[in-house]
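Shared between the two complexes below is chain A, which has chain B as its partner in the first and chain C in the second.
Presenting the complex of A and B:
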């Protein structure tokens, strides 16, 4: 039982990371109908920004955190203007390819600036974790879980109870209609990109003290987050969260009880099963032709 | 003046032939002995490349200061291998096109040495390398010479140290599932049997795992008294080390060379304190290692490691072989290298065998609060 609880905690912790990145995928997909393959690189870039501020420049941790997230907002704007906006009237395919190109550019840009060595980023807390009976709770994982819950609540409030959230929803559902109603579609899409970049960045900042800061950190998480998005249902916020958590738990238990080397395999096996039997995901509508 | 077709053809021909004619003229009357080196100047291992070329240059300078070899100075010609397999093949072909180069330095990465091996065979000139895949000296290629102990020795050294020195017989073996990790894990498991030890857990993991909780819990449940590991990437090692300590596993741990690597020490920090590692270069292991360490620190103001020590040894051994052979004839150099016995290098004592393996043992070092301290050297005569 102790073992199960320990695995469950870790599974939820790592699943929450996937969920955060998956949320970024979903928001952009809802607003623009394309998958942003640079979502993982947002996490990586934010983590490097944090290393520059908190480690190299020795700024206070909270200030570095804010600067890194602000930096991601700027990157969200640049990404929208440079990658999405020029191609907005084309089909989804050129945009998807452009996001892949942008992800390669970001990864290699950081590599050129910072070199290939992984970096260490300290966590928020002095104490690495707490022992609760038989279960060890890593303080950083606890923080990730708390932030994920907070974000779920925030998202619900933001999209359902604020005017800007409703405008964003309207834009994602029908751009032409939204435009006729006087909503500035391009502004809404800009806001979506900013929010997604900040969300991706937040995931990177939270996970960096556990996984270290490296060029590959974004792509490894993003691949799982992408799977989580499909499992949850592309375009569904709750689905992304549930999908992410499910994936984290499945792979942790799969590794413990079936095989460690095939840990990643379980995640993708679940993905394949969903694509075959329920391509719209747990909550989603049928969007298989876009996956 | 009008350009005729014949004149044009002759001009082109002369243009193509000139470098070769001049090259061969230089080869006959050149004042230096040229050694080619493929090193990662760009790409992911660019930082390591700096150390490698630094080590080689240090040896060249010392030899030249002492009067050179066969009355000539050594000249090192470096080509960028881009840290890739196609890159090293290209770099080596550029160097091989220069007939004046008498010997070469290859790579510390086994995969790159595999990539260049067919061209080495075709060229028929000695190539020194640092890759540790045991198969590289079993390819039937007489021109490859290794300047680090191969991985079959690291498994035996980890096993012998754990069983005989630490007195632990119930092992957990943890290794990456890539070629390096699988071969290492197998070598360690095979070495444990004859020493009367048992393997309580033989656990592989995929590179770039984000979480090792299931692995740590498996080690805990196996009741193993000691852990032997082969990690390929430092970030995996760092994540595992931290989770191992967090979940309260404090058994002795002897790891492959990555456990004492500078990056791993930085990432894992205190989680690696008290662990043991096998290391081909350990500064305190011998007088020659100390001397190299001092010279390297004086020249570059950074700590020496195996990236810089093997090229240093390779240049010295190659120079010694040329001197002993009294010639730059490839076959004679090869015979002179194979004849080298008991040469005290920075990496250890070189005793070349017929396969081209120079070293046959490893150092065991201990992580004492982040400082790597030499413990002992374990040598095998087979």
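Presenting the complex of A and C:
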């Protein structure tokens, strides 16, 4: 029982990271109808920025954190202008191929610049964690969970209670109508990319002290996050979060009780089960193209 | 339309010569290349490069089928390549099996994996397929590295055997080149076969493909499975050629290399695939110094993908052919075909279409609510109503694009309520769309041939190329566009594109034709021509159910009118009586 609680805690912590990246997926998907296959690389790039600032340049942790997130905002702008925007009038296929190209470029660009050696990033807190009854609460996992909860609340407030959030929603529902109402669609899409890049970056910064900072971390996280969005229901914000948490828990238990080397395979198995038996996910409706 | 007789090329659509004769030059050329590969003395380095290029090209041909022809993405081609390679590798070493058996087993394994992956994912959107193939690729890599008892893990498999017939590297290369030529031939001619046309139709417009009788899902699964098999075949040949394989040769990065090869050369054609493969194998050899920095190569590949997609979406070969097409003006076609025949089937009773209690709800919105429609055989029946009254939704439910929430649809005596669109087309339903849905990369003729290919069409004789072409030409001539049959869709005006869509539906010889606002966007001359066309269609006994806003057209063409408002039927009966009905007048003009 103690082990179960411990695994549950760890699973929720990892799942929260998947949920954050999945949220980035969903926001871009809703704004542009395109899945951004480079979403996971945002996490990887942010983690490397953090390593450069906090470890190599020995800047204060909080300052490095801010620099890394600001860097992600810039990357969001470049990504939109270089990858999505020129192709916005094409069908989805060229766009996803371009985002896959961008993902390869980012991962291997970092590899070429920084080398293949995985890096270690210390956690935010000096205290490694606290013992709560039978469960040991690692401070970094606690941080992840707290930040994720805060972000979900912020996300809700931002989209439901601010003008800019409502404009973003209007854009994602009907671009033509939104532009007729005087909303600048290209600005809204730009904001979405910046926000998603920062979200993905934040997830990377939070998870980096738990994992090694490596070139592969982006694609691993992206696959889990995508599986999370399908499990939750494609394009659904709540679904992405629930799906991410569920996946984190499944994976942690799978690694503990079934097999460690195939840990990354469980996400795929769950994904295929959902695709076959419930492709619309837990919350989603099946989306049909309009005739 | 002015068609001066001197620029009509009288021999455009000739009877095709026997296939073997037409394609003889290809086989003679291939034989010469195979002979050269077997007889020229290469040094080991050149031999290796040729071997790699040949086997990779087969896998890239697979991508040109699934991505180029069918528009579906496959990001696991290296995994399928690995299936073939490991089957040959493990089979010929650990189990001492015959090379041929292993090669076939590898292809079959790739086929099964591809089919299962396709069957579980291809009903869903393309994003799912992209992500699932990436996941699959990662899993295969995980297994190759970790299942050491089977794959020998990261050490790889060495001392892989070759068939006794082709033991020397030179003769094995010649064998691979021969296989490449064979596969190239198949992939080259696939677009002109029924399956290939279906794939292109699915790529261009899935909805239109479905209502024209193409089983969209099955077509995609076939394309995906063919791509997987070609991946497996290439991999099996690769393993024999290099005698050593290891997991990193079949990683996601390699799938991206295959994708880049395909995109660079031109995804739509095997010639493009061959060009792309050759370039991306040769260029890294010339620029070896770049390999000293890990990651730099793939970073350049990633950047190339973005740039190719943006600036040269059809690849090198697409670029060349487009320039060639611009120089060559489209030929006019001399129309000699017999006039179009329509012989609508008549197995049911007096009513061609009986719709009872049909409802379609979207969440709480009752877009169509308990509607009854009965369409009498041989007449023109109009479905009218104000904007948002549920007309187009009704048509979409009738043609199977939406599932009915409740109710029953009987077409010519057959209950089609739960059938998918392509089976309804096979049962005799034809339709056009309000927003024209043609296959944009094809000629007018090819569009209409797809219509003529409808399963259950009894008017295309043996269903061979000649009969289909004749039927399609007759349909295009019927709508007045016969001489322009060989032109691409983009060169036609909006009004003419509508006519092509109608011709596509007519070529299928439907039992019932659904026309969704055919007059929308037409000018007054074109509307008059459309009216004439409708009369000529009706004169041949084909039943028409038409939606339109043009009251003149509706009142003159239709004998019977059904009126919808807010998803409900508010009037039904003989045209003039319905149009004078007070409810109809108030629905259109409002009440005072």
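Here is the rule we go by: the second predicted complex is superposed on the first by the 278 of 291 C-alpha atoms of A that agree within 3 Å, B and C clash if a C-alpha of one lies under 4 Å from a C-alpha of the other, contacts with A are read in each partner's own complex, and residues count from 1 in each chain.
One rule holds for everything that comes next: a contact is a pair of C-beta atoms (placed from the backbone, for glycine too) under 8 Å apart; a residue touches a chain by one contact, two chains touch by 3 or more.
What you see is a predicted model; the values in this text were computed from it and never measured.
S.K.: In the overlaid three-chain picture, which partner chain does A:261 touch, first (chain B) or second (chain C), both, or neither?
M.R.: Both partners.
S.K.: A:115 contacts which: chain B (first), chain C (second), both, neither?
M.R.: The answer is both, since A:115 touches chain B and chain C.
S.K.: Once chain A of both complexes is superposed, is A:83 in touch with chain B (first), chain C (second), both, or neither?
M.R.: So A:83 only meets chain C here.
S.K.: Looking at the overlay, what does A:144 touch: chain B (first), chain C (second), both, or neither?
M.R.: Neither chain B nor chain C is touched by A:144.
S.K.: With both complexes overlaid on chain A, does A:129 touch chain B (first), chain C (second), both or neither?
M.R.: First partner only.
S.K.: Could you look at A:54 and tell me whether it touches chain B, chain C, both or neither (first, second, both, neither)?
M.R.: neither
S.K.: Under the stated touch criterion, which partner chain does A:3 make contact with: chain B (first), chain C (second), both, or neither?
M.R.: first
S.K.: Check whether chain B or chain C contacts more residues of chain A in the superposed model.
M.R.: When the residues of chain A touched by each partner are counted, C comes out ahead.
S.K.: Do any residues of chain A touch both chain B and chain C, and if so, which are they?
M.R.: Chain A residues touching both partners: 111, 115-116, 261-262, 264.
S.K.: Mind listing the chain B positions that touch chain A in their complex?
M.R.: Residues 44-47, 177, 203-206, 208-211, 213-215, 217-218, 221, 234-235, 238-239, 242, 246-248, 263, 266-267, 269.
S.K.: What residues on chain C touch chain A, complex-wise?
M.R.: Within the complex, chain C touches chain A at residues 71, 73, 75, 120-121, 123-128, 130-132, 134-136, 138-139, 142, 146, 206-207, 252-253, 256, 259, 263, 293-299, 301-306, 309-310, 313, 392, 396, 401-402, 433.
S.K.: Taking the complex as given, what residues does chain A use to touch chain B?
M.R.: Counting only chain A, the residues touching chain B are 3, 6-7, 10, 14, 17, 111, 115-118, 120, 128-129, 136, 138, 210-212, 214, 216, 220-221, 252, 255-256, 260-264.
S.K.: Which chain A residues qualify as touching chain C in the complex?
M.R.: Those in contact with chain C are residues 29, 35, 37, 82-83, 86-87, 90, 92-94, 96-98, 100-112, 115-116, 215, 219, 223, 226-227, 230, 234, 261-262, 264-265, 267-268, 271-272, 275-276, 279, 287-289, 291.
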